[in-house]
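Look at the two complexes coming up: chain A is in both, with chain B in one and chain C in the other.
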Partner chain A sequence: MSRRLRDTARAYLFVSPWLISLAVFTAYPMLASFYFSLTRYTVIQPPAWIGLENFQVMFAKDELFWLAVWNTLYYTVVSVPLQMLVALLLATLLNHSTRGIGFYRTAFYLPSLVPAVVTTLLWMLILDPRAGLANAALETLGLPKLGWMHSATWSKPSLILISLWVGVGQPMLIFLAGLKDTPQSLLEAATIDGANRWQRYWRVVIPLLTPTIFFNLLITLIASFQVFTTAFIATATATGATAAGPLNSMLVYMVHLYRQGFRYASMGYASAMAVVLFLALVLLTLLVVRSSRSWVHYEGAPPR
Partner chain B sequence: MNLRRWTEPVLSHLLLIAVALLFLIPLWWLLITSIKPLDQILTIPPIWWPHSPQWQNYLDTLTAPAFPFWQLMGNTLFYCVVSTIGTVVSSAVVAYAFARMRFVGRDLLFAITLATLLLPGVVTLIPTYVLFQRMGLVGTYAPLIVPYFFASAFNIFLLRQFMLTIPVELSDAAHVDGASDFRVLWQIILPLVKPALIVVAIFNFIYAWNDFLGPLLYLDDSSRYPFSIGLYAFRSRFALQWNLITAAALTITAPLIAAFFALQRYFIEGVTLTGVKG
Partner chain C sequence: MKDRLVHNSISRRHFLQIAGLALGTATLAACAPAAAPAAAPAAAGEQTTLSWWNGFSTPTVQEIVPQIIGDFEARHPNIRIEYELSGGPPGGGDLVEIMLSRIAAGNPPDTITLWDAPSQYGALGALTPIDELMGQAELATPDSFYENVLNTCKWQGQTYGLPASAAGAAMFFNTDRFTERGIPMTRADFPTTWADLRALSDELTTRENGELTEIGFMPPWDATWLYPVWSKLNGGQIFDAANSVYTVNSPENLGWVESWASWIDQAYGGDFEKLNILGNWGSSYPHDNSAYYNGLSSIKADGSWIMTDVDFPFQWEVAPLPYGPSGTGTASGFWPNWFAQPKGGTHPNEAFLFIEHFCTKGWEIWYRAIPDTPAWRGASRDVVTQALIDKVGEERALELHRFFLDALEYAAPMWDSPINNFASDTLQSAVTAVLGKAKTVQEALDEAQALIQAKLEETLQSA
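Up next is the complex of A and B:
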């Protein structure tokens, strides 16, 4: 008993940095977010209790809040499935080719290393509405030029395009590693049973990959709802205009939250927004985990 | 059948090359714009190679008072190096406890650790800021760096998985010889998980190098800016000088690309490790 106690005491010494981190940088701020969300708080003065007023304002009065929700949903619903699909397609193609795999892998992965500031500025240049590279390409193809980030219609697709350029490489590498792990014996067994290539892919390869797809989907979803840097830089104009892109079409959730909290010093309101996003993401995570029971296959997965 | 045997690889390579070009052209555009004169940047048709490369764009950028290169470099390296040392050391110590020590509440604590991997950062953002503000640390690097010294869920998880692959006999034998846990960790475990330590270090270094929101929130004095905010500030001064902006942008991107080519094995291994085990 005393030995066990001593072992535990020593182990807690080892995990103490992490316990402190959990308490100071996770548990406390989480609880404080909930508390601040029920207050009016400008940092200069101590938080003043106002009950649910922040939430009432958010849901009933703040039209920009709903616009931000819409912009973020639009961005996520298009961008995340596209990222997953393109990554899976590229990984599948690479899995079947032996030549040049190193070159392709590098080409697809390099953009994800580029700092977000550089990425955003670079794409603002490429998507310049007058004579950017993208519009030059469209004109060569005989298509009409687009306004890209200067158009309320095309600004969100512009952000999605950037997210694809940055966000495909990483899941592609992960999917590729998963595909390479498909046990040869299962494929041979399927062939003996008369499965053609298409059937082997959909009935053997993809089901074995579903745990990996599931994990990446979840991580990408959570990150996508909190997209910030690209939209922030793309909408920070030198002219001091207050709209986030044309007609606020690039006002994503985090940009709105940042403006409320750090530009207008409404920390209470920003905390309320943080709490709403947090609860929405918890709910979404639970839904995705629940749905996974019907499409993620764990049994028969190869031990690693 | 024979036809299919060679048309398929050809089609698949054609598709791969097309997509690879789409991924690489923006990087080429970054490079090429940075050596163009101003009037050759936004043109239709596009100019793929400038008639007279302007290498002095780099000189202009690196000596521009609005882009104090060495100061930005010093700040960025400080942030990257110190935070990386902090997270590697603290995460290794915590991971060792999860991998090798028996203690009450270990499995529960590990489950909590995994759960925090999914925790959206937004829910801790504001109170953490307020906390550092009350301590009078906003405007310094402390809010950006201190948290790294208290381990991170992801790094703990990654290092623990690696440590679990080391045969228990090795550390048991050392314990029998009277070695303390710290010595076992330092002399036996850490040398064996070096590849994992390098992966953690690389990814953390790059994360800090690219971090934008952290410095945006916590740093107000431009003499303390790292590259990310420095480039952002530079751009707001020289909004339309795309050649100078891309020269500055390439300067802060090139070290990462060079690091990738030098340490490619660790990058691929690292990314793969992060995603396969859910």
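Up next is the complex of A and C:
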């Protein structure tokens, strides 16, 4: 064996755990779901080829598919900007060098470390319309009680509230790292030029933070389309194990997909839903990446 | 240095070749089913180990299940049961998901406890039919179970499991509250028709400043397991198993859902959302959050298990479910636990002995702890749950035991559809859409019928 071949083999040996894991746990399931999406498949029986029938049913006959799309879009459109804004605000607050700041940083990040199932169950108690803290607080303030998860109107805002609590820690930490990376020299130069605190933040910090905003936006966007645990646990707890909230108001895309695959054993249809979600996310990611050319500023990048 | 890098770099083609090889090897490894040993009975004297998967983990389970298994192993010294009481399959995960994966991979457990009807999994091809074994059985013969309960295990004439229990449904009412309101009530006096139940409920319903403060009875819209019973009470049925047809939008079912909608509209103001804020009408769990437990309602349709699961702070009684204007008499419902043999199990004969034991003699041991009514006709009419005796005394406990046992004779057909989960979810969506005023009764049930029948036909085609 030549030395070159030996080196090559050694290189592959070192990367093989990752390659095998990629092949078995990512590439194979992805390719398989593309194939299964064109079949009727119940896991037990061999898949039977039905062409595009799953997609025809999905787009033309399954009313709940469109409801799930609407619920997910509602969730994404409200939760992503909210999560980004709250994460940025918290990161800005935690960027100050105050006494005990380490404690606050830990405290605000802590909810992200608690399993989503536990956090959701805790919030279900808080939002219980009869005995929950949230309605007790509203009553104390003389405001009417809300149905929260038991109301078709309030169920999605409740879900967004829980997801905010669960999901804000991660983007907050990344924003904090971005803020810490802001060159002091630029801020000092802006101060010398007469910029006040707001102008320094808006004109210097935010433009420098746009690569971080871009990264957080992509990650949060993809995660919001794939929201599952919170919605699944919340609906199971609030309205019985089989329901999806009042009038299916919490039937988000992944919950509908899960029900098709694992509750109704329609794995072919569930795979078709996964393929549609994958394609939608690819398209959305491309759009965001494309738009980033006009609003993301990289230090050292050549002027456009 | 540059040359060295060039020499040591991997060509794109080479990379793809090796990556493709790795992918192919891994894919083949993942797809290859484990070799399934031939299903042959163990030779005389040979020790057989059976695996049993279950979703149980409560303290009662930890105490009682080993007794049942010990009893079985004593009767069959050549069979040993391997099991965990961790609330899921060995290694964790969802019991059914893992079971289906293991069947597909060719290495399923020998036996499993199911909380969804075997008819569904039988239609999927996931379970072993046991008719031949039942024909030769000592205890679990085809006619030894309540007919409608055993039907939950059947699909296209074959039996895919055994029911261990059939916890019954009844009307529970708070006798203390009735007495306080000057309407003393016994089982014999309890309404037998929906019209009389409605009149009684109206008598018990109170308001303060126009706001509801207490109600008699809330139609059990979120107890989907009782929908087939409500349908039968009005002379209808949801699924006609004999002809494999759904009849969701039959006149009887339209009448049933219409009666619930008008009841909620006329008696309780019709604001479905507000009613849901007012009380937890359906679930009895958690107990202190239940409207019936809190005295917010005085009558509730529920399962026999609440007799020991809940410590009611009042005296209560049970009565048969009243029937509707198109019905001819009462009907009851049941919620079983099932035992089955996943397809591909290695010891089907021994596995049958185990599930037979659990669903017959073994369940008598279980029933002494929890009032999950036995589905086996051979169960003693005199074995009573100790926890129920502790609560209500031996004589009344025995009377309640026989009430629920007798109710299985007039149980509605239920849990017998190959698409029970889909139908149940779709029908619940339809009913809540009506009560939430999103659809009319006719629209909601017509749509549900079309969806459910289409799903059934798809299942029939692929079976």
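Going forward, the second predicted complex is superposed on the first by the 285 of 304 C-alpha atoms of A that agree within 3 Å, B and C clash if a C-alpha of one lies under 4 Å from a C-alpha of the other, contacts with A are read in each partner's own complex, and residues count from 1 in each chain.
Following the convention adopted for this analysis, a residue touches a chain if its C-beta (ideal position, glycine included) is under 8 Å from a C-beta of that chain, and two chains touch if they have at least 3 such contacts.
Everything numeric in this text was worked out from a predicted model, so none of it was measured.
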| item | value |
| --- | --- |
| Fit or clash between chain C and chain B when superposed on chain A | clash |
| Partner chain in contact with A:I20 - chain B first, chain C second, else both or neither | both |
| First (chain B), second (chain C), both or neither touched by A:S271 | first |
| First, second, both or neither for A:A131, with chain B first and chain C second | both |
| Which partner reaches more residues of chain A (counting touched residues only), chain B or chain C | B |
| Which of chain B and chain C A:Y201 touches, first, second, both or neither | neither |
| Which superposed partner A:W70 touches (first chain B, second chain C, both, neither) | neither |
| Which of chain B and chain C A:F262 touches, first, second, both or neither | both |
| Which superposed partner A:F103 touches (first chain B, second chain C, both, neither) | first |
| Which superposed partner A:D7 touches (first chain B, second chain C, both, neither) | both |
| Chain C clash site on chain B (candidates 128-136, 200-208 or 254-262) | 128-136 |
| Interface residues of chain A shared between complexes with chain B and chain C | 4, 7-8, 11-12, 19-20, 24, 28, 43, 128, 130-131, 262 |
| Residue numbers on chain B that touch chain A, as the complex places them | 9, 12-13, 15-16, 19-20, 23-27, 29-30, 33, 41-46, 90, 93-94, 96-98, 101-104, 106, 109, 112-113, 116, 118-128, 130-131, 133, 147, 149-152, 156, 181, 206, 209-210, 212-213, 216-217, 227-229, 231-232, 235-236, 239, 242, 245-246, 249-250, 252-253, 256-257, 260, 264, 267-268, 271-272, 274-278 |
| Interface residues, chain C side, partner chain A - complex | 7-8, 10, 14, 18-19, 22-23, 26-27, 29-30, 94, 96-97, 100-101, 103-104, 120, 124-126, 222, 224, 272-274, 276-280, 282-283, 289, 343, 419, 421-422, 424-425, 428-429, 432-433, 436, 438, 447, 451, 454-455, 458, 462 |
| Residues of chain A touching chain C in the complex | 4, 7-8, 11-12, 16, 19-20, 23-24, 27-28, 40, 42-45, 48, 61, 63-64, 128-131, 145-147, 150-153, 239-240, 242-243, 246-248, 259, 262-265 |
| List of chain A residues in touch with chain B within their complex | 4, 7-8, 10-12, 14-15, 17-22, 24-26, 28-30, 32-33, 36, 43, 90, 93-94, 96-97, 99-100, 103-111, 113-118, 121-123, 125-126, 128, 130-133, 135-136, 139-140, 165, 168-171, 173-174, 177-178, 181, 211-212, 214-216, 218-219, 222, 225-226, 228-229, 232-233, 236, 238, 254, 257, 261-262, 267, 270-271, 274-275, 277-278, 281, 285, 304 |
